[in-house]
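One structure coming up, written as structure tokens, with questions to follow.
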Amino acid sequence: MTETTPAARLADLGITLPTPAVPVANYVATVRTGSTLVVSGQLPLVDGALLATGKLGGAVDVETGVAAARACMINVIAQVAAALDGDLTRVRRVVRLGGFIACTPDFTTHAAVMNGASDLAVAVFGDAGKHARSTIGVPSLPLDAAVEVEGLFEID
Amino acid sequence: MTETTPAARLADLGITLPTPAVPVANYVATVRTGSTLVVSGQLPLVDGALLATGKLGGAVDVETGVAAARACMINVIAQVAAALDGDLTRVRRVVRLGGFIACTPDFTTHAAVMNGASDLAVAVFGDAGKHARSTIGVPSLPLDAAVEVEGLFEID
Amino acid sequence: MTETTPAARLADLGITLPTPAVPVANYVATVRTGSTLVVSGQLPLVDGALLATGKLGGAVDVETGVAAARACMINVIAQVAAALDGDLTRVRRVVRLGGFIACTPDFTTHAAVMNGASDLAVAVFGDAGKHARSTIGVPSLPLDAAVEVEGLFEID
């Protein structure tokens, strides 16, 4: 990992952070408590449309699931950036990611799907991107999204 | 939102906080760590009986699900009150709510159900009630409850 | 609960902490932020093999589920020990456990299964082991595990 900034790494990856999604209900995208920033569950929205709907183990293949998890993580990072006035150098650590994989009961490769989010966290934040995580299957998610990712960050 | 207290808002809403449920197993309802209060997942118990059992997308309609989520949130608030010796003005912020919606695999309106909890949080705590949240579907919950809500609060 | 150490209680229980599992993907087992230690979701791995696969309410009975939850908790404690250089007296509190029970939609005794983890937490840490918890059903877990447990600890 070279000594560079999260913004530079995002640029290297060809990722432009989207304008973060406004929650569709009576809650907010991020809350700071002490030096912890809690990020609401993000769906794989790209330009306002879900990148993947349906179930892993059903119509959604693992490769698409990985892309969806990555899209969720881009939205998590966009929410963090918005909370930090765009300055991602204020992220001290990606503390935890929670991955929710909509799937059939016989699906077993949740970890591979969630790596789409985890790999991006490390690619963008380097060692500070190494996080704890829990990944579970779910029967369905809001709007029939295939994946949802929530986050916990330590920030300046 | 008028300048008033959570207790006054609860009264305005006609809500009397119940005696909080005692966990049925070897755990406790709330744990404080630093200025964070963690609230165990609460079921939609009203006077000792579940307000709704079964699945959203199945026998439980969205309106009932909303009422169940609201009942869970009343129990979350009751647990917080108990931890704070009844003084809800010591709540600085509702940091995060986690919503678990028992549902069929084809259910997609989890967010609408969880609004039953989120709307109450904001009605009772005002701006301090605006929280991060993650909402997911689950195949089933303890005691066949239709909804479960957990909470994270910043407290004095 | 006698005045003794977590290590002594583990020995009394006949439990030797395993070498903690290395995450199989791009994340880490524990992250410390402030005085909080976040532990990634742990599976019921015993000597490298899953103690129980499949679903509660299906091929996995409650007794096996309890044993699986206990095995998850042993792994959670092993991860905590590794993060604390083996010194479990630095655990001030088990703050929260999250229990994920792979199950059929008609399963309702998640709490009994999760007690396998909760009872061990209290047996090992005494009053400091009394935790908040949320227990939910899931359609499936990584590697078809029957149970997954994540943890939040307050540490010195």
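All chains are identified by letter, namely A, B and C, in their written order; residue positions are counted from 1 within each chain.
We adopt the following convention: a residue touches a chain if its C-beta (ideal position, glycine included) is under 8 Å from a C-beta of that chain, and two chains touch if they have at least 3 such contacts.
Just so it is clear, the structure is predicted and the values come from calculations on it, not from any experiment.
Both chain B and chain C derive from one sequence, and where they touch, under half of the residue numbers involved are common to the two copies.
Relative orientation of chain A and chain C, expressed as the C-alpha superposition rotation angle, is 120° to the nearest 5. We define each chain's centre as the mean of its Cα atoms; on that basis chain B and chain C are separated by 25 Å.
Chain contacts: chain A has residues 34, 104-105, 138-139 touching two or more partner chains.
Taken in their complex, chain A has these residues touching chain C: 34-36, 57, 93, 95-97, 103-112, 114-115, 118-119, 121-122, 130-139, 152, 154.
On the side of chain B, the complex with chain C involves touching residues 24-31, 33-34, 38-41, 55, 98, 100, 102, 104-105, 138-144, 148, 150.
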